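Letters A, B, C and D mark the chains as written, and numbering starts fresh at 1 in each.
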Amino acid sequence: MAENIKMVEAPEGFSGEGFFATSVDKVVGLARSKSLWPLPFATSCCGIEFMATMAPHYDLARFGSERPSFSPRQADMLLVMGTIAKKMAPVLRQVYEQMAEPRWVISVGACACSGGVFDTYSVLQGIDKVIPVDVYVPGCPPRPEQILDGIMKLQELVRTEPMKRRDSPEYKALLASYGINVI
Amino acid sequence: MLPLNKCRMTSNTDFLPILIQFVFVAAFIALMIGVSHYVGPKRHSKNKDANFECGVKQYGNARIPFSVKYFLVAILFVLFDVEVIFLYPWAVNFREFGIDGLWKMVMFMGLLLVGFFYVMKKGALEWE
Amino acid sequence: MSEIVVKSIEDKYAELIKQRENADGSELSILNLGPVHPATHGIFQNVLLMDGERIIESESTIGYIHRAFEKIAENRPFYQITPLTDRMNYCSSPINNMGWWLTVEKLLGIEVPKRAQYIRVIMMELARIADHLVCNSILAVDTGAFTGFLYVFQYREKIYEIYEEMCGARLTTNMGRMGGMERDLSDTAYRKIKAFLKEFPAVMSEFESLVSRNRIFMDRCINVGPISAEKAISYGFTGPNLRAAGVDYDVRVMNPYSSYQDFQFDVPVGKSGDTYDRYCVRNAEIWQSVRIIQQAMDNLPSGPYHADVPDYYLPPKEDVYQNMEALIYHFKIVMGEIPVPKNEVYHSVEAGNGELGFYLISDGSRVPYRLHFRRPCFIYYQSFADIVKGHLLSDAIVILSSLNVIAGELDA
Amino acid sequence: MSLTNEIIKQKVEEKFGESVKAFSEESFGLLTFEVESAKVIDLMRYLRDDETLRFNFLTTMCGVHYPDNDLNRQFAVVYHMHNWLDNLRIRFKTYLNGENPEVESATKVFLTANWMEREAYDFYGITFTGHPDLRRILNMDEMVSHPLRKEFPMEDGGRTDKDDRYFGREPQNSNLN
């Protein structure tokens, strides 16, 4: 009976008589990847697709993201969904900077990834001009399955991320390239 | 002839486990806060430490005198919430308490009900 | 030109704070019901001047996802503007699409066959149900009843499946063509609509029994944010918000389009225009839409699903490979060289939030000279600052979600 | 007797004389005419308050830019009104000067005109005198130009990622040549 239930496989490690040893990175990564709290930065049409993703049919809660947090303080994953106009860019940057490390960004939808169909004077052509992005989800709007796929890709990223990445010089250089200087 | 060891005086050593339990609780809390404070990474920047006001520039500060209504509602809530906490131990073994246990609890709730009506009549619950 | 002093909202309120020292010493405070906020189901900002919990003044700032639709519309041929329209009110995009197609057909004088009109009515009423479902379930979520949202969104997915049968997309449907529909109702669509009509009423009555007579919901919504009929008309209200105020103006009844005159449906009207009336009017409209779809499905006429206008309607692909005229028509339509008269037209449809109007000025070239969208959300949201004065903050949130302001339509 | 276009035309002409002209109905039966910019608000108030006309609803209002008209007809503001009792619509336009388009604000007559005028100001730079709070509404406050004028390009000029030569346009911003 139980063969069709997909259990989370334990990280590779050295197991002996009644004990199991593995590196802290793997355990922390596993814990983080299964409990990503989203900040639904839902601006336009993709926001409605996100509501469909949260609704019981496609249920984002199966991936541990049950609780959306609208304040950046408790959010791990910034889901930028929908068009980001130039008037909205400073707000997006402020929300990103106020999120606690480690933080990840998924840009959902063509408008967030690259300005999408709106190549106009008032639309920011892609949020990676303002904040670093981890996963891009294409589509206008992406189907809920695509959003879930993007979140699963991010979970893979989170699971295998070393603990020291956030202090590494490359990451600091990445942030500095966006003008975010963290002491 | 009562069995002697049944009714010996409660010496203060019987309360030792509770004391130990309190010490454990305090130590656990101090440990958790202390460790996460020292081990946890701290990253500060001007933007990060500004308080979050829906993503836009924040204006004015929150430490302004606000009306006492807020405090009144909060205290009333705490009062009636604590009253409910007393129900739990009683509800767990109300069968052993029997009828007089029921009357005790009815009297207790009655007193608080009188207090509740007093509060309603004084208009502490209306917001304006 | 008179030099316009642009004063930020906060400075204006700072002066008000200095003037008004309260009797009990508690100062006024400025609160931002801002762009990133769980209660504003969209991206608009309201700076509220608060005395404790009561709102004294409010100022709305919008334009956070302004995408210059009207500028884009001046650079696109006619058939490429429909993807713009379904990104306006994205909760009920087929209504916007059909609105645009009806405007263009009125300009070009194309007579759409009966079957296409009926299919359009079915799609529009399904979209209206989807739009009202979102608004009412989110209003229930804002007052704390989360389960209603979960039930009702199941059936919104069923509506999305019907869209997929019709046009392949769930949300940005781009449905319909100049002169009719792009394909006929497939039998799976037919079966899904029948199944929807059979199951949905039970779920809807369950949702209504869960929320409508709920003690907390009624206390939070009754007599909250009322607006009188005269002020609603002066503010340009149309749609469910205006009908909640007691005026029975409905574009489908006033000047029926796409054979709405063949269907019997009544226009629900509220009395005091408060949040509970808006909720009840939207609920009643869902029942009326189910009734319309039922009538449309019962006497769906047979016949062609698009008008025989080769100049505007793309020929089927196999014809394009066979004969020459179809190839020429196909090429001219795709390049946008369709014969367009030099005229201007105003046509409006009853969208989810009110009268969605299209004012099109065409100068005969392949792109419209000027296209103005009469967006109901943009027009009635300016009354929010007026309605919310004197209410508590929690009322402001319930008023905002009962007005059903959709950011895409607001900042088009 | 129900209201018809002729009655409206006759009543408006007799009230406003030569400041209303160019009546036409070729826009699908919708009476369209022009009015001088000074008379717009009186006309609107007259249409709303007159017992037989009873145009009680300002449907919409928008600006239009005609760059190749002569100087004092380069901007137009188009008003649509709707009489709900007799179900009749009318449209009247007023043409404004190119350099300094200015017209009186309709917020005194209809509250709905507030944001519509702010949008017209934001897009075209048409100033509405007497408007309580004429600011930009949709675009960023720091924006100086008025984007919906014909000479303003649609794409954002400053972008670097899209090379115009691949879109069949002259290389405006490509730094490769």
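Operating definition for what follows: a residue touches a chain if its C-beta (ideal position, glycine included) is under 8 Å from a C-beta of that chain, and two chains touch if they have at least 3 such contacts.
A quick note: this is a predicted structure, and the numbers were derived from the prediction, not measured.
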item: Per-chain CA centroid nearest to the all-protein CA mean; value: C
item: Whole-Å gap between the CA centroids of chain A and chain B; value: 37
item: Distance from chain D to chain A - Cα centre to Cα centre, in angstrom; value: 45
item: Inter-centroid spacing, chain C versus chain B (mean Cα positions, whole Å); value: 48
item: Where chain C and chain D are represented by their mean Cα positions, the distance between them in whole Å; value: 23
item: Residue list for chain D, restricted to those that touch at least two other chains; value: 138-140, 147, 152, 154
item: Residues of chain A engaged with two or more neighbouring chains; value: 87, 91, 95, 120-123
item: Multi-chain contact sites of chain B, meaning residues that touch two or more partners; value: 55-56
item: Contact pairs between chains, per stated definition; value: A-B, A-C, A-D, B-C, C-D
item: Chain C-touching residues of chain A, taken from the complex the two chains share; value: 41, 43-45, 47-49, 51-52, 55-57, 68, 70, 82-85, 87-88, 91, 95, 117-118, 120-123, 140-141, 143
item: Chain D residues within the chain C interface of the complex; value: 26-28, 30, 32, 56-60, 62, 64-65, 78, 80, 84, 87, 89, 91, 100, 102, 110-112, 114-116, 119, 123, 127, 129, 134-141, 147-148, 152, 154
item: Chain A to chain D touching residues, read off their complex; value: 86-87, 114, 119-123, 125-126
item: Residue ranges of chain A in contact with chain B within the complex; value: 71-73, 91-92, 94-95, 97-98, 101, 166-167, 180-183
item: Parts of chain D lying in touch with chain A, wherever the complex brings them together; value: 138-140, 147, 152-157, 159, 161-162
